[in-house]
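Below is one structure, written out as structure tokens, with a few remarks after it.
Naming follows writing order (A, B, C, D, E, F, G, H, I, J, K and L), and every chain is counted from residue 1.
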Amino acid sequence: MSDHIYKKIELVGSSPNGIEEAVKNALVRAEKTIRNMRWFEVTETRGEIENGKVNHWQVTLKVGFTLDK
Amino acid sequence: MSDHIYKKIELVGSSPNGIEEAVKNALVRAEKTIRNMRWFEVTETRGEIENGKVNHWQVTLKVGFTLDK
Amino acid sequence: MSDHIYKKIELVGSSPNGIEEAVKNALVRAEKTIRNMRWFEVTETRGEIENGKVNHWQVTLKVGFTLDK
Amino acid sequence: MSDHIYKKIELVGSSPNGIEEAVKNALVRAEKTIRNMRWFEVTETRGEIENGKVNHWQVTLKVGFTLDK
Amino acid sequence: MSDHIYKKIELVGSSPNGIEEAVKNALVRAEKTIRNMRWFEVTETRGEIENGKVNHWQVTLKVGFTLDK
Amino acid sequence: MSDHIYKKIELVGSSPNGIEEAVKNALVRAEKTIRNMRWFEVTETRGEIENGKVNHWQVTLKVGFTLDK
Amino acid sequence: MSDHIYKKIELVGSSPNGIEEAVKNALVRAEKTIRNMRWFEVTETRGEIENGKVNHWQVTLKVGFTLDK
Amino acid sequence: MSDHIYKKIELVGSSPNGIEEAVKNALVRAEKTIRNMRWFEVTETRGEIENGKVNHWQVTLKVGFTLDK
Amino acid sequence: MSDHIYKKIELVGSSPNGIEEAVKNALVRAEKTIRNMRWFEVTETRGEIENGKVNHWQVTLKVGFTLDK
Amino acid sequence: MSDHIYKKIELVGSSPNGIEEAVKNALVRAEKTIRNMRWFEVTETRGEIENGKVNHWQVTLKVGFTLDK
Amino acid sequence: MSDHIYKKIELVGSSPNGIEEAVKNALVRAEKTIRNMRWFEVTETRGEIENGKVNHWQVTLKVGFTLDK
Amino acid sequence: MSDHIYKKIELVGSSPNGIEEAVKNALVRAEKTIRNMRWFEVTETRGEIENGKVNHWQVTLKVGFTLDK
């Protein structure tokens, strides 16, 4: 993290299986348009319930990536 | 909110008339470039004062929208 | 701040010399692609340490700019 | 608020028209089962968007009511 | 907001009709003794309930005003 | 705290004498309907003033109790 | 989330195996008495340690459910 | 709390004996210049230590009082 | 900080040059009417941008001062 | 607080009798290994309940002490 | 948690596999020097990204342990 | 930040000249006993006032350092 400038964006990933997979799904999608992702920070963990069971985990995360000079 | 990925952006809408209209004005502007807006969250409510009266309400909101796969 | 709509983005600027310069470096970079930046808000101040000394200050800031109608 | 004990519950009211009406709708529903409601505190303001417009305002509020001795 | 110094005070405005009017009522009262009010920030929204209905909206706001040099 | 599930409720206790007594008063009342209270967390400390003196301390607390399987 | 009113309750679920299972255990218990659970929000993640190892994960969550009209 | 407007000020009371007395000391002093104090909210509890013992409790509180129309 | 009572006020200082100078400018102005200022706490750091550069730093601070008995 | 450097540690004190005594008990224990404790800040107030009564107050506090140069 | 005094320290555990394992890794390391660890609280969840994938989960936790009398 | 475990401690540095120097002074002192400091996070900025001027800046920071395996 020397003299770079970073931008942070906020995403919500979802997964039927758990928190980690929801984060990964968000990154898979973000990678299509963002180069040089460097770190993420989880800011919220929620989920949808259907028939008394967790239908989808929904994890909000901020992703930091390098802006090319 | 099944298996979608969402992005959240932060906007400030303003209106001379009130909080709801400030939110609506922000959405009208955002709709020009963003498809599939799904929800918003108000994070800050402020306003400018002129001659002792509210000149403009300024509402900060986060808007979540679906990223196409 | 009359009837404009603003967007806020989140950046991390860095500098070996101090907080103010880290903010300025972030703005120099942001100015290349964003017109009409109006204000910023510092949300986090961190830094990297190397050999017991501050190697880089890292300042997270939100930048608000006008969206043209 | 002399020597009473209060309980606080958390509700989400919704309305197509605005924040105040969303609060009122929550109270109308709560009144059916809770006696002696005394105050509320708004803790979150959100909304659903459909076709670029606010479909429903959703306001989270805590409601305090007296527990009879 | 060039080289001015501002002071912020905290007020609670109330109104039987809604949030915006509660803010306005606070400003009407503050204007009697404070010159050069410039902006406000809503920090809390509450209300009193009577017979299951909102009796008064109570909005806490910080008001910033210019201190003459 | 082995494999139990807990529920947390939010109460406001009051007392003319002090913070600890306000908490105790809330628990005395709660005990009438709740079995197996296990812990509490103070979330807010306020009070009413009358003639320049504290008339009542008002302490908001969350109370956790075991849900029987 | 059209014109419904929701109530939110706060639970603590626990599990020897992990965060997701602690959430699920809380929902299994809640389902016995609450119909129409719709979403949850994780507000705290803790755990008990025994002999240097995680004995139980304890996850606090708020659960939102529809109140029938 | 009908149609009044309130102002809130922030004080720090201190006492060698405890939290409640620190609050009372602040109110005794405030009463000399402020009429119609109505409520207070504790925002911070600190203390000075001398020779390993609490020398003074220092409690920060916000005090709300009625502004005469 | 023995048995004194303190009051805290909230100021916004500004400076074209940096954070420290913005704080100092606020104190210079406050000193004209307040005796016995003892400490300050920075609560917010913002700034105005003009032509892509920081035009003014704006630092919000709380200032504590002794109230004479 | 001239040119010293301080370290802050986080403790949880407990007492069957009240908040102040829980803080004092934490300081009595800390004094055995820490010299030059200067101030504390209460960050959390909780308690254990047994048979519907407060069994132990548990107060989390940060303690600041001077590091010798 | 009867009459003990606890100390809380803050650790960051990391793992390539997930949140739970990052916590466990932190505890394994802490156990080498700390006796009587009793509970932990997760305060932050982050991660490093490499080539668009989560390289390491990084979980900040506070660990409470008993101080022997 | 591969598979290391980190510990975070909280320090308060002070300086008559400014925020950056207060941070540096804290690190100079910490380096005497801590190896492998890696980053810091500023959590609070305060200062002492004497005769209306900043006598000392006081900056609270958390410092993260690697624990050797």
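Methods note: contacts are C-beta pairs under 8 Å (C-beta built on N, C-alpha and C of every residue); 3 or more make two chains touch, one makes a residue touch a chain.
Just so it is clear, the model here is predicted, and its values are computed rather than measured.
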item: Common touching chains of chain L and chain J; value: K
item: Degree value of the rotation bringing chain F onto chain H, based on Cα positions, nearest 5; value: 120
item: F-H, A-K or E-I - pair sharing over half of the J-L contact pairs; value: E-I
item: Separation of mean Cα positions, chain J and chain A [Å, integer]; value: 38
item: Approximate Å spacing (C-alpha centroids) for the pair chain B, chain G; value: 31
item: Approximate Å spacing (C-alpha centroids) for the pair chain D, chain L; value: 44
item: Chain B and chain E, separation of their C-alpha mean positions in angstrom; value: 22
item: Two or more partner chains touched - positions in chain D; value: 9-10, 19, 30, 48
item: Interchain pairs in contact, sorted by label; value: A-B, A-C, A-G, A-K, B-C, B-D, B-E, C-I, C-L, D-E, D-F, D-G, E-H, E-I, F-G, F-H, F-J, G-K, H-I, H-J, I-L, J-K, J-L, K-L
item: In the complex, chain D residues that touch chain E; value: 19-20, 23-24, 27-28, 30-31, 37-42, 63
item: Residues on chain J engaged by chain F in the complex (per definition of touch); value: 18-19, 44-49, 52-54, 57
item: Residue ranges of chain J in contact with chain K within the complex; value: 9-16, 25-26, 29-30, 48, 55-56, 58, 60
item: Chain A partner contacts - residues on chain B that touch it in the complex; value: 1-10, 62, 64, 67, 69
